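You will see chain A twice below: alongside chain B first, and alongside chain C after that.
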Partner chain A sequence: MASPQPDQTRRAAILGGNRIPFARQFGPYAQASNQDMLTAAIEGLVARYNLGGQRLGEVVAGAVIKHSRDFNLTRESVLGSSLDPHTPAYDIQQACGTGLEAAILVSNKIKLGQAESGIAGGVDTSSDAPITVSEKLRTKLLKVNRAKGAGAQLKALGAIRPTDLGIETPANSEPRTGLSMGEHMAQTAKRWGITREAQDELAVASHRGLARSYDEGFQDDLVTSFKGLARDQNLRPDSSMEKLAKLKPAFGKGDDATMTAGNSTPLTDGASVVLLGSEEYAAEHGLTVQAYFVDGETAAVDYVHGEEGLLMAPAYAVPRLLARNGLTLQDFDYYEIHEAFAATVLSTLKAWEDEDFCKDKLGLDAPLGSIDRDKLNVNGSSLAAGHPFAATGGRIVAALAKMLHEKGPGSRGLISICAAGGQGVVAILEGA
Partner chain B sequence: MAVETLTETPSLLPVFVKSALGGKKKGDSLPQTSYRLADQVVDRQHLQDYQRLCGFAADDTLPHTYPHILGFPLQMQLMSREDFPLPLVGLVHVENEITVRRRLTAEDVLDITVSAENLAPHPKGTTVQIVTVAEVSGEQVWEGRSTYLARGKGDPDAARGSMPDLPEVSPGQGAAIWSLPKDFGRQYAKISGDVNPIHMSGLTAKAMGFPAAIAHGMWTYARCVATLGPAASGPSSSHVWFKKPVLLPGKVELVVEPGDPTLLGLRKPVRSSADRVVEHLVLTVETR
Partner chain C sequence: MAFDYGKFVSGGLGKQLATTLGLPRPTTLRRHTAGAKLINGAVLVGGHGDTPVADRVKTLLADAGVQVATQASTSVAGVVVDMTSVESPADLETLRAIVAPALKTLAPTGRIIVIGRPVEDAATVAQAAARRALEGIVRSIGKEMRGGGTANTVLVAEGADDAVDATVRFLLSGRSAYVSGQVVTVGKPVGSVEAPTDWDKPLAGKVAVVTGAARGIGASIADVLARDGATVVCVDIPAAGGPLAEVANRIGGSALQVDVTAEDAGAKIAEHARARHGGFDIVVHNAGITRDKLLANMDADRWASVLDVNLSSILAMNETLIPAINDGGHVVNVASIAGIAGNRGQTNYGASKAGVIGMTSALAEEVRAKGVTVNAVAPGFIETEMTDKVPFATREAGRLMNSLNQGGKPVDVAETIGWFSWDANRGVTGNTVRVCGQMLLGA
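Now for the complex of A and B:
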C-alpha cells in the first residue's frame, strides 16, 4: 500500500537544543516543579538562539507525571519565558516517548508549511510528584463538595472512615499488570538471555561516553546549569565493571537475576527542548541547520497478554521506518537507543539479529542484522545522564543533531525510544 | 564617607526594639558612614522562597527586586544609628527606584553597600534616601534607592517629584486580582527579614496606628515587576511610588496602561465607577 503523498512538503530542520542537567530524585531539583524546569529549559534555549520576543509557530511539550494544576503546562512555561506571548503551545503525553513525539509533531507541521518554527520538548520530576488521596476518600470528598447545605455536607463528611485516609504517589508500574517497568524488563531480558556482564558493559560505556563528551566540551551548547548543577548528577566518570559487579540485583527473581541499580536508569528530574524550523526560517534568523528531521514512526505491542515484552515496541517501529525510507539498519552513522535499562538496548539489538523474531514477529525475509557498536550511544545515554521520562527525547534529538552536523551533510542517525504501555517512538535524522 | 564592614547580616528584631525604645532623634545631617557586607553568596533556598512568594520564575536568576532584600538589614542598621536624624519606627516607604545593570544569577557573589543621602523637606515631613549598591568583583551591577518619609512638620512649599497617574482602567478590567491572606505579612517577613510590627499582625499594626496589618510595599512592588517576566531581571530600571497601604487580608487589582505594559498600578478592586478608588501604588519599568 503506497502512502498518500501530501501535495508539497519541505524539510524540517533541527536548529539547536537546550536542557538543564538531569538531577537525581530528591537532589538539587527536589523543590523544582515541572513548570520551573520546563521554563528554565525554554529560557536557556531563548537565550542561546536569541529568540526573545519572537513569536514561534508553536511550542509542544509534556510531562509524564503531571499535577492537575499543570493542565496547560507548556503554555504556562511559554508565558513565563521571554518568547512572544503570542506563541501558542500545547501539551502531549506519550510516556517516555513524549519528547520525541513532540519533535515529530512540530517537524510535521513545519514540513506541511503549517508552521515556520517551533520548540519541542519535555520535562519530568520524580521529586515534586503529585500526591493523591485514596480513591475511596476522593469519591467521598467529591460527594461532600456536591452536597447542598451544611446538613447534607456534614452527612457526607460523616461517611468518611479512618480507613479511607491515605495518600498515593504515582508508581512506576503498569496499571494492567501491576508489574514495575523493571520487572517487565527482567522478563524480557531473561527471554533474550541478556547477561549481567553485557548490561554492566553497556552501563560503563554510557558513563564513559557522557563523561568524555562533557570533558571535550560537546555538552557546552546543549546544557544550561540550573540550581547550581552544571552536569548530570547521575554521571559517574569512574564507573567500572568491578564497581558495577558489586551491586545486588534490583529487578527479577532468582539467582539468575541480572538487572541492578547500576544498569537501570534511576529516577531523575529534568527538562529538555529542541528548536526546529524551516530552512527559510533558519536563513532569516541566521541560524545554522544542524540536521533534518527526516521521519518518525511509532509502534505498540501487546504486552498485557504476554505476547511481547513491555519495552520491545521500538523493535517493531524501526523496520517499518527503515522500509518507508528505503534504508537498512546498517545505513547509519550513529544509533541512539534510549537506555531505559541496559537490557532494553541489548534485547532490542538481539531481536534485530534474530532470524526467527525478524521472520515471525516482524514479517521480514531476513534479520535486520547487527550494528557497529562503536556507533551506539557514543556520547552516553540514559544510564549515565538519567532519564526524566518526557525529557529524554529532547536530550537525544539535540545531541544527535549536533553529532550529525559535526559528521557532515548526508550523515544519518537513528533514534529509538521505548515507552510505558508497550509503546515505542523512533526517528531518523540526517546531518546538514 | 567612612565604610563600616559587617561580618554578618544584622538581626532585625533587636534593631526594631532598640529603635522603638530609643529616645527622640535630633539633628539635621545624615551619618557619614556606609555599611558594607562583602562576599554575599546567594542562599538558593532563600532565593526560591522569595521567587515563589513574589511570582517570579523559580530559576537561577536574581529577580529585579531581590538584592534589596540582601541590603535591607544594612538599611535598618544605618537608620537605627543614634546619629541618624529620623526615627526608624514610623518611617514610611514612599518611593523606590531600582537599576539592574546586568542579569544576576545565584552564582554571583555580591558585595552590598548601603548609605544615606538627600535628607530633604517634604510637604508631610522629611524624606531621606537610602542607597543600596550591589557589586560583583568591583563592578556595580545593581542599585536601589529607597525613599522614606518621617511624618512630621512638613514644608508645604517643598518640591515633590512628579508621580505618574495610575493607568485608567475601567472597573472589572484589571489585568489580575491577587488575594492576600491574613498572615501574608508574616510570610513575607520570614523571607525579607522585615519584621516591622505593622506587617506582623492586626494587633501590632493597630498599636502602630493602622486599622489592620498591612502588606509589605516591597512585596507589592516585586509582585508587579514579576508580571513582566524574565525581561525585568535583565538590564532594566523601575520606579515605584507607594500610595495607600494594602490591608490584610485583602484583594488587590493589577492595572496596566493599555498599550504600554511598562506603566502599572495596583488598586483595591472596584465594582463600579461609583466606588471609591483606593490606589496602592504606581510603577514604571523600563527594560532593555
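Now for the complex of A and C:
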C-alpha cells in the first residue's frame, strides 16, 4: 500500500493552548452551557495569543453531551468570541476522543496547505445536561405538533397515557450492552489483574503531579480562570494511599472489586482549545512553535461481543502509529495516557508488555514492552484534573506540547485516549 | 447597592435637603472622551512681565482651536497665568488681578493653571519667596473653586519651556478631571519632545505593559492607553485570568498571566512583549495589594507580602525591564496617598507606596541617559469595587474630604498615567502627581 511522501506536506505546529479549570458536576459551572464554556476557553486563547479580530483557518470542536439546539456549537462560540466572525467552524463528536480528533483534523489541513491556522478543542458539561422525554411521548408529541386545528390537536393530546411520561438524561453507559463505562472497565481490570493498590498509586501520582505543576507555574499559560475557579476543582494535592484506601468500590462486584471513586474520573464540566498553525503563520504572528503534530491514528474494538474490553482500542492504535512512524514504544520522552480510570492506563500498559496479547491481538513478533513510568502523565492527568469528555484531548495536547518545548527540539511525546463505543485516538507530538 | 451621597444630593428631595442645610453638592466632572475638545470655552491667558510660556500657550490653544480671551467673562473656561518672571512678592499682585475677577465668572469645570519657575533655581531670596508663594496661592484657589473646577501649578525650569505643552494640554483637558492642587515640575527633557500627529491618539504605535490589569484601576489604565492608540500587554496573576482575558480582548491587547513577585516575571514580560509586539515603550507598575492591620498586630507575613508585591517586585522586574524598554520610553509607578499622608492600619502599605515615590525620583535620574521618563501617580479616594466595601461613614468621609466633594474614578488615575506616557511629555520625569481632587490628607 503506497502512502504519499511526507515531503508533499508541511509541518503542523502547536502554538499554545488554553482551557478553563475543570469543575465538578453541579459545581461552579452548573449554570454554564457548553457554549459559555467553549467561548470562555476560546476567549482565553485569543487574549493569550493576541488573536482578537483575526480570521483563522477554522475552529473545530465538539461536545459529547449536547443539546439539539447546539447543532452549530463551535460556530456559535466563535461568533460569541473576539475572533473575526469570518472564521469558519464545525462540530465533531468522537466521544472522549473528540478533542484529540479535532487536533488531528486541523493539523491535517495545515499539513496539506488547506489552512494556515486553526483552533481544535472540545467542551462538555455534565451539569447543564439535555433532557429528553420517553420515546413513546416524543412520538405522540410530534403527532400533536403535526395535527391541524385545535380539535385534531386535542385528540392527539388525548392519546398520551400516564405511562408514556418519562424523562431521560444522558447516561454514561453503552447503548449496546447497557453496562456503564465503569462496569466495562471493571471487567477489563479483572482480565488484566490490575490491583486496587496499583490503581490508587496511579491516582495519587496524578494528583501530586498536577498540584506540583500548578505550584511551579507550569499551568500559568495553559489555564484561564472561569467563574471564580482558578484551579481544577477535583484536584486534591493532599491525596494519599491511606485516604484512597478508605473508599468503597464503585464498579465491579464481589470482594475483589478494585475500582473506586478515587481511582476513577468524576463527572466534570470544562472546555479546552489548542492553537495550531503553519510555521509561516507562527513566524508572522510572533508565536513560538512549541511542538509539531506529527501523526495521529484511531482504532476501534468489538467490545459488544466480548472480544475486547471497551476502553482497550488505544492498545491497538498505538502499535499501528509506531509502525507507520518507524518508532518503538520506548522512543518517547513523555507518555500521556488518558486516565479515564486508573485501571485503563494500567491495563493498556500491561497489554503492551504481554507477549500473547501482542502476538495474538496485535500480530507482533514481540511485545511492545514496558515504559519508564517516570515519563507517564508527569503533570497529572484526568484522575486529578477531571474529565469533561471532549475537553480532555485539548488539555493533553496543549500541556504535552509545552512539556516537549521545555524538553527541547526532537523530544517526543505519545498521547493515548480511549473513547466510548470501543474507540481509541492516539497521536505523536515532537518538541520544537 | 451602597448609598451614594453624590447621587442623592444631585436631584429631588436630596437636592432640596442639601441646599437648605448648606451641604456640599458635587458637580459631575468633565472627563475626556475620544475626540473631545481640549476645553469647552475660551482660555484667558496672562502673566507678569516677560511671559515666554504664555506665548507658547497661545500658539497651543490656536492649534487646538481654542479661543484666547483677554479678559474674564462667562465664556472663559480656563485661565493660564505665566508668572515665570516674578522677582519679589510684590509681583504676585498680577496673579490676584487676573484670577480674582475670572473666578467670579469661570464656567463650571473650569481650569486655573499658574506657571512658575522652580524655587531652587531662584536668583535671590525674594524671588524664591515669590516663586514658592505661587504654590500657596494656587492650592488655596483650588479649595475656593466651585463647580468641579481645578487649580494646578506648573514649574518650568529655565530652558524647558518647549516641553510644557503636554502638561498644559493635560491640565486644561478633561483628562485631569480629578487632579487639583498639584505642582507639576517640567525640567530639561530627557529626549526630543515629540508632538503626536494626532493629539487624540498620543500613544499611537506604542506598546504598553500594565500590571494588575484584570480589574479596577489597572483595567481602566489598559482601556485608556488603548483608547489613546497603544497596544497593551495586560498582566495579572493566573487566578485573575478570566477577567484579564476580558480586558485584553476588549482592547485588542494580549494577556499574560504572571505573578509579579515571581523571579522570572520581568523576563517573561519582556520576552512576551518582544516576541509578540517587537518590544515595549511604556511600563505601568500598577499591581498592588493591601493587608491592613494596626502595626501592633501586624505579623511578618502581612508585612512582607505587601512590600513584596507593591515595592520589591517592581525593583526586581525593573532589573530586566529597564534594559529592555525602548529608548525614549516611559515608566509609570502607581503610588498612593497613603504613601504621602500615611494611613491607620497601613504601615506596610504606606511603606511600600512611600518607597515607590522614593524609587521614582531615583530611577528617573538613573535612566535619564536612556531617554526614559519615570513618574508616579498617587491616587486618593478612587471609587472601585474595593471602596464599595468600605463602611458607609468612612466611605462618605473619603469622598467628601477633598476640594471636588467626591471620589475619583479609576479613569482619572489612568488619564494621568497616559499623560506621563506621551513622547510629548519628556520634560516631566521624577514627578509624583496626586490624583486626589486635592484631598485634605497629607496636603
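For this structure, a couple of remarks:
In this section, the second predicted complex is superposed on the first by the 427 of 432 C-alpha atoms of A that agree within 3 Å, B and C clash if a C-alpha of one lies under 4 Å from a C-alpha of the other, contacts with A are read in each partner's own complex, and residues count from 1 in each chain.
Heads up, the rule we're going with is that contacts are C-beta pairs under 8 Å (C-beta built on N, C-alpha and C of every residue); 3 or more make two chains touch, one makes a residue touch a chain.
In this text, all values refer to a predicted model and were calculated from it rather than measured experimentally.
Once the complexes are laid over each other on chain A, chain B and chain C cannot both fit and instead clash. Looking at the shared chain after the overlay, A:Lys227 reaches both chain B and chain C.
Touch criterion not met for A:Lys407: it reaches neither chain B nor chain C.
When both complexes are overlaid on chain A, the residue A:Gln219 reaches chain C alone and has no touch with chain B. Of the two partner chains placed by the overlay, chain B and chain C both lie in contact with A:Ser82. Judged by the touch definition given at the top, the superposed model places A:Gly286 against chain C, while chain B stays out of reach. Once the two complexes are overlaid on the shared chain, A:Gln31 sits against chain B while remaining clear of chain C. In the superposition on chain A, A:Lys136 contacts neither chain B nor chain C.
Judged by the touch definition given at the top, the superposed model places A:Lys375 against neither chain B nor chain C. Contacts of A:Arg48 after superposition: chain C is touched, whereas chain B is not reached. The residues of chain A shared by its contacts with chain B and with chain C are 40, 43, 52, 82, 225-227. Chain A contributes residues 31-33, 36, 39-40, 43, 52, 79-82, 225-228 to its touches with chain B in the complex. For chain A in complex with chain C, the touching residues are 20, 40, 43-44, 46-50, 52-53, 82, 217, 219-221, 223-227, 230, 285-288. Note for the complex: chain B touches chain A at residues 44, 48, 57-60, 106-107, 229-231. Contact residues of chain C toward chain A in the complex are 234, 238-246, 248-249, 252-259, 262, 275-278.
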